[in-house]
């Protein structure tokens, strides 16, 4: 079965941004997303509390390279200056190219 | 000392001792949903007996007070404290809004002291959530008011968890009335104080974790967090006196004015004013003002009320 | 209106207002474990006093009723509704099984009305969980019965969470008896109604989120979801009358018949009949029939029973 | 220290499939799996509720290319027609090849 | 049989039936936080009335007993059981420490039997958490004592969740006193037994899942898990007698001695003695000794106390 | 926008190791980490219980190849002999190289 190259964009950030990121992903052409709650630490200190202002999420978007590039660029300029954000992109392959 | 305050101190101690004690996130959320609903229900049951229209002037005064507070604090924060506009506005917004748990601790304190309060005070908590936040956003964005998305903001504030559960609880209490509420009273009324104690344990853990932020905040903010509550309490008590509240009611309103929000405000400001550093506003609100209020402030404002009203 | 129903409406309202109110998943699971255990315990305590053998004929009738319902509804759904075989069978299975929360709300309603019911009704809830689901799977797979893995299916249904907790609660209640249960009564009995209220808040959130699914479902299914409960209620009441239940017991059995499962059935059907579209069955069961039953249906069936039995 | 190439198969799907997927993974030769609860959205709408029928899981399997291919193929034909499923494969390297 | 034990059996049954019943992790954590706090508070309220200094000799004896137990068990485990040094030391540490839930079940049992106990027994639970663990680590590392990081170890044990919540609860209870505790009593005291029941359901699920581990453990460990508790109970009862406890208090101390920790010890040993196989220690502690104690052991030790003290 | 190659080190292990792993990551030069709770199964049986001794975590570290190599090596020798540990490394790209 042939596989198709796609990119996996992963965004780790403050839980407060969840709604905005979903909207941004859809607007930039992503056909889906997956989110879960994480804890962690980085430049802005540790974020490990159960309290709302201290929650982090990780968001995964499988998409074409184009969407990944534009979406990550948008997040970089819109959210990275003021929010705790970690982002990376990995090369992945999928079986149903029309879905992503 | 009230045992609920002891739970708060236990939480702080656990943090300072670097204990691995953590309350699960789901418990934190459950407790806060419970408290908001229970406060609303308790108020709603009593509200059913009131002619609502008579409350309108009081309600409007309370809303105005909430909106006024940020405008009073903003100049202090930006001129005296030399804070940037977003930071000053964000901190001001936290104090304009209200801390539901401070209200709950104050209510319990007055109940224990045998002081009567107006039964509809929870309504004022719901009313005070939003105006301070909106005022703070106005202050932060005053250079560019057209950039505020009013629709989204209104939705976020009025349909946010806190206002929805408080108002929902009030409506349920008012519809069901004292008799209708009886079957759910063992959960929502009898357990209230115990749940509040558990929640304060969690608040202690969170506040204890915020103490390092205060180093970032500096001397000015620490002093601000200690002094402001008493000044706001006097404002709240004055408003309470002016609108004809009983001494108990005025004390509660003083506690609301003196308290800084740590549920609705941080979330709303994070989205609306991203340039503000949340470590500053949360550090001072939760690390200084909240502990001050529940240990020293509430009895102090109560004594003040006794003096003023006699 | 009963306050627990108000919690349900608050949940629906929160969804329609697009509020960010969510109950944590762990709370949802905790509440449902609690309700199943508590219903079982309450029934078990009373069961201890009954000669069990005398119940056997009633129990068999109830099981047969559960298994019959899908066979009655399937032709309506597939011929009148033009639904595919899997969809028709899956929806039929949901109505053949039972909604534990509808039962709980109905019990609370009758208690408030001062209507006596047979104390062993929770046993019937446990008995009704499975037969409807099995009947629905038979209908979906009737072309190819050999493909059903009976062992797995039986295990899933009889050792599934709902049946296990209900039956476990019944056994605990029966073994411990009224005196033995006293120390755990403050949790499992006194808080029952309050926990039910919280659970209904969550059900309101879920049901509110299902309303868009109804567009997929179309007019036929909406009508089906509104009309079927009353017809099934009459069937349930007839069975109740035939097996000699009191008017209160017959009303409860009517409510069980009229209700559609939303815990055991969706999970079981998703695995056993993957071709069925869950949005249809869940949309109609949770978006239409559940709200109908707890607001309009229960009082209606009760009135019906009063008429029929006098 | 030499590293060894393996594949990481990630499956995001309905929580109802958890038991079946674990069984399938074992049957196709996977020596382990990791699962956690997620929320998300895609072609079949959003799945964000705490309610049982609306839960999603993400399953990770580190395995040889062969196992990844056969397992993903099996899931594609068995579950993708009727369930919400997202799948992708990434190239990873591991230190202990005998474990995967 | 006490209903809380029935919940435990329900949990075991659910596991053996391979049911999908699971308690959410957040519920497990919540229940254990609740139990530790509540046990502490109950003890603390009574402690307020005691001259604390008078307890010192008793307290020291109890600590020594906890530290002694691993040294007694280690040779049996390593010589008779042919277990490796880390495994023998780790298992010994589990029995040196204490199971809070066994204590809670025993307290409830004695309460039901109308047997009076010293009100400060929860203090002994807190005291017994650590010494056995430290002794076990000493045994495991005796070849290389300098490799133990005492600072870290002390912090982990004394600021760990269990000790912190027990001691915190005791302090809160002692500060607040019987009157101060009243408003939080509906949560922390009235619901105690019900929460214990739920927790035992979870313990049953966990213990049931540990039964396969026993195959790894072998015949020796199963026998060890069945016989040791009674021997340790006699030691505990002797200590209780020697330090002048009432028969009830001595029974409780016997139960503590006979019980094996499954919260503090597994976590501490996993970090301090990584070479030990946790399946062995947890399998025998939770799969054998815990069920033995709560079903057979507690009544047995109670009868023993009646014989001894008369 | 140029992207920069980094490595993603993923460690799936017993929850008891969380504090130690965070410390190890920092000591080996990682500038951040992300953790969440998982369940799973492997050579050492299934780890699916809510009970403390049976919890697992997954830890993600985005870092340079050097850090990934040294940290994974350290974990391999320190923890793998006695603990349930799964580890893998993936190649990813990031936008802000100074952050990782």
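Which chain is which? They are A, B, C, D, E and F, in the order written, and residues in each are numbered from 1.
The definition used in the following text is that contacts are C-beta pairs under 8 Å (C-beta built on N, C-alpha and C of every residue); 3 or more make two chains touch, one makes a residue touch a chain.
None of these values were measured; they are calculated from a predicted model.
K.L.:
Any chance you could name the chains that touch subunit B and subunit C both?
P.N.:
Shared contacts of subunit B and subunit C: E.
K.L.:
Show which chains lie in contact with subunit C and also with subunit F.
P.N.:
Expected: D, E.
K.L.:
Note whether the interface between subunit B and subunit E is symmetric in residue numbering, meaning over half of all numbers used appear on both sides, and answer same or different.
P.N.:
Subunit B and subunit E contact each other through largely non-matching residue numbers.
K.L.:
So what's the Cα centroid distance for subunit B and subunit F, whole Å?
P.N.:
Their C-alpha centroids are separated by 40 Å.
K.L.:
How many angstrom lie between the CA centroids of subunit E and subunit F, rounded to a whole number?
P.N.:
34
K.L.:
Using mean CA coordinates as chain centres, what's the subunit A-subunit F distance in Å?
P.N.:
19
K.L.:
Where in subunit A do residues touch at least two different other chains?
P.N.:
Counting only residues that touch two or more other chains, subunit A contributes 36-37, 90-91.
K.L.:
Where does subunit E touch two or more other chains at once, residue-wise?
P.N.:
20, 23-27, 29, 186, 191
K.L.:
Judged by the touch rule stated earlier, which pairs of chains are there in contact?
P.N.:
Chains touch in the following pairs: A-B, A-D, A-F, B-C, B-E, C-D, C-E, D-F, E-F.
K.L.:
Given the complex with subunit E, which residues does subunit C contribute to the contact?
P.N.:
Contact set of subunit C toward subunit E: 24-26, 29-30, 33-34, 155, 159-161, 164-165, 168, 171-172, 175-176, 180-181, 183-188, 191.
K.L.:
If we count contacts the way the header does, which residues on subunit E are in touch with subunit F in the complex?
P.N.:
Answer in residue numbers: 22-25, 27-29, 202, 205-206, 209, 262-263, 266-267, 270-271, 274-275, 278-279, 282.
K.L.:
If we count contacts the way the header does, which residues on subunit D are in touch with subunit C in the complex?
P.N.:
14, 16-17, 20, 37, 45, 49-55, 79, 81-83
K.L.:
If we count contacts the way the header does, which residues on subunit D are in touch with subunit A in the complex?
P.N.:
12, 36-43, 56, 58, 69, 72-73, 76, 80, 86-91
K.L.:
State the interface residues of subunit D toward subunit F in the complex, per the touch definition above.
P.N.:
Contacts found on subunit D: 1, 3, 6, 8, 22, 31-36, 62, 90-96, 99.
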